[in-house]
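Paired with subunit B in one complex and with subunit C in the other, subunit A is shared by the two complexes that follow.
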Partner chain A sequence: MRIGFWGAILLLAAPLAFMLAFFAAPFVAIAFNSLQDPDGGLSMSNYVRLVTDPYYLKAMGTTLSIAGWVTLITLLLGYPLAYFMVFRVRKRWLKRILYILVVTPLFTSNVVRAFSWIILLGRNGFVNDLLIWLHLTDKPLPLLFNKVSIIIGLAYIMLPFMILSVAAILQNLDHRLKDAARDLGAGPWSTFFHVTLPLSLPGIVSGALMVFTLCVSAYVTPSILSGGREVVMSMLVFQQYATVLNFSFGATLAVALLITAFLLLAVYHSARFAFAKARQMRGNHAA
Partner chain B sequence: MLHKIIGRYGLGLFSWLVVLYLFFPLAVLIAASFTASDFLAFPPSSFSLRWYARLAANSQFIDAAWVSVKLAGLATAISLFLGVPTALVLSRNRFPGRAVLSALFISPLLLPAIVIGVAILQYAHLLGFARTFLALLVGHVVIMIPYVIRTTMASLGGLPMNIEEAAQDLGANRLETFFLITLPQIKPGVIAGGLFAFIMSWINVEVSIFNSTAALVPIPVKLFNYIQYNIDPLVAALSAITVYVAFGVVFAIDALIGIDKATNGQG
Partner chain C sequence: MKKTALSVVVTMLATAGGTAQANESLNVSAYGGSWGDALQACIFTPFEEATGIDVVVEPSASSVTLSKLQAEASSPIMDVAWMDGGVSELARDSGVVAPIDPSLAPGLAGVIDQAKYKTEGGGIYAVGNGYFAVGIVYNSEEITTPPTSWEDLWNAEYAGRVILPSAVNSIGVPIFAAFNALAGGTLDDLTPGIEKMKTLEPALFFDSSGVANSGFQTGEGVIGAHYATQAFTMADGGLPIAYAIPKEGAMASDIRIHIVKGTKNSEAAHKLVDFAVQPAQAGCLATRLQVGPSTSGVELPPEVAARMPWGADGSIDDLAVADWTAINAYRDALSEAWTRLASGN
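Entry: the complex of A and B
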């Protein structure tokens, strides 16, 4: 059933009004506030402070390096599992169980999932016990309340996103291309590196960008697992609003996070555009 | 020989280890919640339900859970009320500006949640409703709408339009057609979208934390504040309960529309 012009207006009026009032307007409010200096005048002084103060630059550096490590780890762990789920698991019930195991952590709060790593990573925690038992170390390693625990915890939390994006692409991959490569004499590794991997690149890119973006703005996990010793951008935002009570500068930090997210989204969309174009060209070529 | 074995079983072994990594931390919480001792340990030394009993007697956590249930329930109802009509228009009509509109409704999913929380706080501050239930509610609806729209659009996409046309040919008006023909068919998708939205509110910290007060605090924020100072089996018991809820909801969504469909393109 097509919806007429007035029908569509009627249906969209309330949702659109809601989004403009409680989503768009608040963003305008913080953007405006970020441009206010302490005297109430308009200036870029908050932004100048952000990019010149070494404290904030260091926090930005920490944030980006954590996001980079987490993206790499989730890719290395997630890709093989996604490949296994899509190509190797034949039984429908098993595939379903794997999906449930991958998705369930997403339905649990980050607080709960980060908390679990406090139990596991402590000096006498399970991970250190395991490492000692395996003779990989003879005394407990400092794994908790530092950058290592933040990276492990975030990688754990982000992994399902990577698995789902790669699996979504692999699922729709043309199986005949793989078979063709095998028929033409390519070994399994060669087929993987020359056919499957390049074709799954869109899934890798979208998964990586999503994980990276979520890591840059993650607040709960880093603050639970940092033990106050590492500072990331989102923790600074919270600090400004909750303890320093400098709303303008808090807004500036928030806008900086927002701009980072927008830049990553722009990269994502141009990558998608490039992939779509490449596919179109291949299509023309085949025709 | 070794090369062949690694090629044949290596991937499976590695994959199951990754699955273990995904599931193990949740299992640890559940195991630790049944301890009888006063401190957290994994593996636990003895079995008891005392920490669950302590939790049931803790009025602060009960109050927080009640705030969360009210918040998530009300926000789910509102986001269904706003999201389903939006999905209907976006999936059935082609018009100029449609892409911009759909980007507006989906973007809360892509933007940093903490920034959404801050923006709502500051905006509510300007209008005089900062740190109230209303501020929490609108923030939650904003982040829930994309989930409702996406699952509803996915169910509408798989729906043949000729049944609706038949109903209209037989004299049903548009409203009758929607409620008697369209809605029953997309109901599983709408319910799944609602469950998805509910759980996103139920576990949210980033949006809630800015608009919470000591008296008005949803359960994940309460837990977050609590573990800054206390790490005890009480937290494990509460965490374990949230894991049970998560499994319940995942099974429900799986039964309704299939978990792989609900999360496809989630990444």
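Entry: the complex of A and C
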């Protein structure tokens, strides 16, 4: 049975209305607010302040670099875990338990998890005690209240998102393709890099997108684990809204962050597109 | 039979509706955490029992409360709001609080004059509900000679282990103003304070007390500017943490009660204000939070009196209460300079 034109409109109407009411409309209001100067007139002064002050650009850089590192780390940790769960674990019940274990941390508040890292990463914390005991260092390393602690805290929170999106793709991968590659003489590594990895790219892409965007907008974890020594955009936005009470500059920071993230995603997508096209061409030549 | 059952249900619904209407309720914005617990136990619960008016609390930090009140200004949801000194003045200036009428809250007669905050027109826009102090909090195991001055934070031995409030915390900005003044600066000229701060090596800047406490607990910091209350809480929890009043004077501020402009429950709101400043309530808060009562004639047991922000034998006159109106005029600049210093920019 096909859904008719009006049927499709009807089905789309609800999510569309929801997005319009709770995302588009507030965003327009915020964007408009960001163009207001303190006297309520329209001006670009907030944006000029943002672009001309290296402090805000640096905060933007910190935010993006933290999100980039977390994406890379969750990919490097999450991919092997997802691979293991999908291909190596044969028993169904064990697989289920592993999925539950991956998801369980999501049920705990980020606040609690950030505070746990303070205890673990502190001067007298577990991690430093362990490093000293292993004679890897003779005095405690500064692991807390810097970029390192923010990245560790966020990577821990984001890992399940990466594992789940990669595992979802690996799960549906046609196993016979791997067997075929092995049959045709490809070694395990060659099979992985030429068959499994390219086929799982959609999972990596969606996982990376999710992790990156969640990191860019994260507030609780950076604000607790930065100890105020590092500043990310969400903290500046909060400060403008909640303590300086300059709502229009807060809006400017938020809009600038969103635009930058969109631009980066656009670059990412066009690079991927170009890459895929190049591969296709190469494939055609080989054929 | 069917009809009777239906009519019973209708009667029940009607009665339920009736009681809901008879039960007035107040929406109150107050603190979370231990301060919220204390307000609940000392004020809200006994108030509900005494008056039958329900108190629905929405917890948030002072500055967040203020932005909420501003956002809701056209149709206020909150009736009464607890906010810290400093934020209170901002609330006054942004016109989100209503004057408190002493004839509707006769308990105000027992409140000391300094704690009845008045607009230029003479109306009371806020009532103090207790003073708290920010002084030097230190690890008494690592620091055996008690610190005596804010200058001790610059001691080379504590480099990299100093804990300070961030600009998001309500005492961050006034602490910076105080340090700037000690360094010889004025609110117009923050350079001395900025230069002075550059010679200090902090461990962390805390948004909320919990982060500072964890910092002391894990040994990240050994000394810092922090709330006296929190020092006593940590000490009572068995940690080697002590509190010292610097010779320049502990910095003080207070928690204040406001009635939200445009409230539809003005009378009940006044009843809550009246109830909150009664000596029994002020004494209860003093015991639980070590806040100095702004209601006169509160009898405190000696162990509570010893922990008052003004010290065992002091009084309100010994406190260096921050000049919020002046600080607020420079809030943007102070806040930005402080955040930049914190992140080493």
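Note that the second predicted complex is superposed on the first by the 235 of 287 C-alpha atoms of A that agree within 3 Å, B and C clash if a C-alpha of one lies under 4 Å from a C-alpha of the other, contacts with A are read in each partner's own complex, and residues count from 1 in each chain.
Rule of thumb we're sticking to: a contact is a pair of C-beta atoms (placed from the backbone, for glycine too) under 8 Å apart; a residue touches a chain by one contact, two chains touch by 3 or more.
This is a predicted model, so every value here is computed, not measured.
Colleague: Look at where subunit B and subunit C land on subunit A after superposing the complexes, then choose clash or fit.
Modeller: clash
Colleague: Contact-wise, after the overlay, does A:Q239 reach subunit B, subunit C, both or neither (first, second, both, neither)?
Modeller: It touches subunit C, and subunit B stays clear.
Colleague: Does subunit B (first) or subunit C (second) touch A:F115, or do both, or does neither?
Modeller: both
Colleague: Where does A:I100 make contact in the superposed view: on subunit B (first), on subunit C (second), on both, or on neither?
Modeller: First partner only.
Colleague: Looking only at contacts as defined up top, I'd like to know whether subunit B or subunit C touches more of subunit A.
Modeller: Of subunit B and subunit C, more residues of subunit A lie in contact with B.
Colleague: After superposition on the shared chain, which partner residues are touched by A:L143: those of subunit B (first), subunit C (second), both, or neither?
Modeller: It touches nothing on subunit B or subunit C.
Colleague: Does the superposition put A:V216 against subunit B (first), subunit C (second), both, or neither?
Modeller: First partner only, subunit B.
Colleague: Could you say whether A:R229 touches subunit B, subunit C, both of them, or neither, answering first, second, both or neither?
Modeller: second
Colleague: Once the structures are superposed on A, label A:L35 by its partner contacts, choosing first (subunit B), second (subunit C), both or neither.
Modeller: neither
Colleague: Between subunit B and subunit C, whom does A:Y55 touch in the aligned arrangement: first, second, both, or neither?
Modeller: Touch partner of A:Y55: subunit C, not subunit B.
Colleague: Based on the superposed arrangement, let me know which partner A:G125 touches: subunit B (first), subunit C (second), both, or neither?
Modeller: Once the two structures are laid over each other on A, A:G125 reaches both partners.
Colleague: After superposition on chain A, which segment of subunit C among 3-11, 57-65 or 273-281 overlaps with subunit B?
Modeller: Given the superposition on chain A, subunit C and subunit B clash at 57-65.
Colleague: What is the shared patch of subunit A, the residues that subunit B and subunit C both contact?
Modeller: 115, 118-119, 125, 224, 238, 241-242, 247
Colleague: Quick check on the complex: what are the subunit C residues that touch subunit A?
Modeller: On the subunit C side, the touching residues are 61, 63-64, 66-67, 70, 90, 94, 166-168, 170, 173, 202-207, 210-211, 214-215, 217-220, 331-332, 335-336, 339-340, 342-345.
Colleague: What part of subunit B is in contact with subunit A in the complex they form?
Modeller: The touching residues are 7, 11-12, 14-15, 18-19, 21-23, 25-26, 28-29, 32, 40-43, 81-83, 85-86, 88-89, 92-93, 95, 101, 104-105, 107-108, 110-116, 118-123, 125-126, 138-139, 141-142, 145, 161, 164-165, 168, 174, 177-178, 182, 199, 202-206, 209-210, 220, 223-224, 227, 231, 235-236, 239, 242-243, 245-247, 249-251, 254, 259-260, 263-267.
Colleague: Which residues of subunit A touch subunit B in their complex?
Modeller: Interface residues on subunit A, with respect to subunit B: 1-3, 7-8, 11-12, 14-16, 18-19, 22-27, 29-30, 33, 77-78, 80-81, 83-85, 88, 95-96, 98-113, 115-120, 125-126, 156, 159-166, 168, 171, 188-189, 203, 206-207, 210, 213, 216-217, 219-220, 224, 234, 237-238, 241-242, 247, 250-251, 254-255, 257-258, 261, 265.
Colleague: What residues on subunit A touch subunit C, complex-wise?
Modeller: 55, 58, 115, 118-119, 122-125, 144-145, 223-224, 227-231, 235-236, 238-239, 241-247
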